[in-house]
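As written, the chain order gives the labels A, B, C and D, with residue 1 at the start of each chain.
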Amino acid sequence: MLSAMGETSVPLAPEIESQVREGFALHGFMRHLGATLTLLRPGFCEVRVPFSEALTQHHGYFHAGVSAAIADTACGCAAYTLMSPGSSLLSVEYKINLLAPARGTELIARARVVRSGKTLKVCAADVFGFEGAETLCATTLSTIMEIPGRPDRA
Amino acid sequence: MLSAMGETSVPLAPEIESQVREGFALHGFMRHLGATLTLLRPGFCEVRVPFSEALTQHHGYFHAGVSAAIADTACGCAAYTLMSPGSSLLSVEYKINLLAPARGTELIARARVVRSGKTLKVCAADVFGFEGAETLCATTLSTIMEIPGRPDRA
Amino acid sequence: MLSAMGETSVPLAPEIESQVREGFALHGFMRHLGATLTLLRPGFCEVRVPFSEALTQHHGYFHAGVSAAIADTACGCAAYTLMSPGSSLLSVEYKINLLAPARGTELIARARVVRSGKTLKVCAADVFGFEGAETLCATTLSTIMEIPGRPDRA
Amino acid sequence: MLSAMGETSVPLAPEIESQVREGFALHGFMRHLGATLTLLRPGFCEVRVPFSEALTQHHGYFHAGVSAAIADTACGCAAYTLMSPGSSLLSVEYKINLLAPARGTELIARARVVRSGKTLKVCAADVFGFEGAETLCATTLSTIMEIPGRPDRA
């Protein structure tokens, strides 16, 4: 129902793709989770993380914090693809609903930009546990601010 | 302004304290973050995590996912202190506002139960970066469900 | 991207349809807004409200409170279609992102159930301003609790 | 626990007070609800609305939409008191947790600015039902954007 701006088959300009991937690589926390950026389109991003004991909550499933972290990062990368050159991004806030146990061999976050304003970008992400098939386990809604004239890195 | 139920000087019953601490110890993800449960009172919980490169975002500060994960866990533990015996808890949803860069040598989440219903417990948490002094860097509002007759572990 | 359960062409059982419509009619506030329930399907609901000076904010558009109120009510009615007989519903929480000025001759909220659990139902709604064409002006994510054995009215 | 910036005894500069009150008066929807702005301090605002059949949900209590609308407006007015001259404000998003039935002769929203950034102001509000005594019935967290160089009215 949300007006989708993402997951088109349109490929991303190669220089933007490499900028977003470089940005992702700077997140020590994504490495610590074992997460990888697996798909990038204009206004769309997918992040995946394989299961590990290190990522569990008390029932042995993925911790909600893992779902939230990859959803938030996927939203940031989806917004990044629509950002003006020379800007940088800041997560303002997000909300996550946990819908089912995050179980499986892999956790997959897919984010898309719902509205791309000049200053604020609103993104939605879904998180799926993969165990033979995908099960929706969380959904998020987030706000990201674009800060002009302040590139992400020197 | 929120009607506070937490951070009283009233100590927690020792058997509840050890149950909550055992529950916390079951979170592989908290270990992976290097987080420790540093304070527990009826309806209140504090969790701390020291800085490490492994927990950073692209500017080198704590990743928002770390703030969210320890805030969510602290809320869960705060709710746990008010739970009926033999129940277990499930995070339903939360919202986080990121207020300032999460920088410093340590990140501190303090959570308290705002309303303790029979089925739903609503909690608020604040997250502070510590760098000589504490700076508020995030605030959350979360909903936790109590599931009766299903203890957390066998 | 969200796994949709709603807006199917499957019609709703007539006795459920009339129960939900009776429930809607009990909301004095919906009457006060001039809102009508315009479409009901299993897991889906649409609510509309025509423009009036009485519903404006300081720029003369629909007040965000109107968007939120019809989105929340549409979510409740969508959840109601999937509720067990003899239960009643309670709004637990929601989050709304305001995406564009809510302007036009009419405001339209469309809600669908994202996940229908036994106790909790999670719903998403979009709100559109109609001015010749529809413009997405808000999106929400909400949690609704089903309370068994307590019918909505005597 | 939230670092409070509001509800001090410091009075507001009279010209700011009258600007905020004029802004409030422009909300046709507040009039339609019968809401009044009852207290204004730097970073703090209180809004009250008396009970009426027109504001009810299906159990005869205040509709959640009324709680949300006055909380959102109180947040906006609290943010307004800290705004730069010549700017205007826009609600970006908010989240509300409904904690108890909103019953009583009056509904009271108290909002304060949690963080006042140059572009974004984050506010928290609590809503109380008054029935001899105050009962906390909702709590919100919201984000408001300041738009420089665009006064609210000509």
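Keep this in mind: contacts are C-beta pairs under 8 Å (C-beta built on N, C-alpha and C of every residue); 3 or more make two chains touch, one makes a residue touch a chain.
Being a predicted model, the structure only gives us computed values, none of them experimental.
J.: Could you tell me which pair, A-D or B-D, is linked by more C-beta pairs in contact?
T.: Counting C-beta pairs in contact, B-D comes out ahead.
J.: Please identify which of A-B, B-D or B-C repeats the interface of A-C; the criterion is that more than half of the contact pairs agree.
T.: Equivalent contacts to A-C are found in B-D.
J.: From the C-alpha centre of subunit A to that of subunit D, how far is it in Å?
T.: Computed value for the inter-centroid distance: 33 Å.
J.: How big is the gap, in whole Å, between where the Cα atoms of subunit C centre and where those of subunit D centre?
T.: That pair's centroid distance is 23 Å.
J.: From the mean C-alpha coordinate of subunit B to that of subunit D, what's the distance rounded to whole Å?
T.: A distance of 28 Å separates the two centres.
J.: Using the touch definition from the top, which residues of subunit A touch two or more other chains?
T.: Subunit A, residues with two or more chain partners: 92-93, 95, 97, 122, 143.
J.: Show me the residue ranges of subunit B that touch subunit C in the complex, using the header's touch definition.
T.: Where subunit B meets subunit C, its residues are 92-93, 95, 119-120, 122, 143, 145.
J.: How about subunit C: which of its residues touch subunit A in the complex?
T.: 1-4, 6-7, 95, 97, 99-100, 110, 112, 114-115, 122, 124, 126, 136, 139, 141, 143
J.: Can you list the subunit A residues touching subunit B in their complex?
T.: Interface residues on the subunit A side: 23, 26-32, 53-59, 63-66, 68-70, 72-73, 90-98, 152-153.
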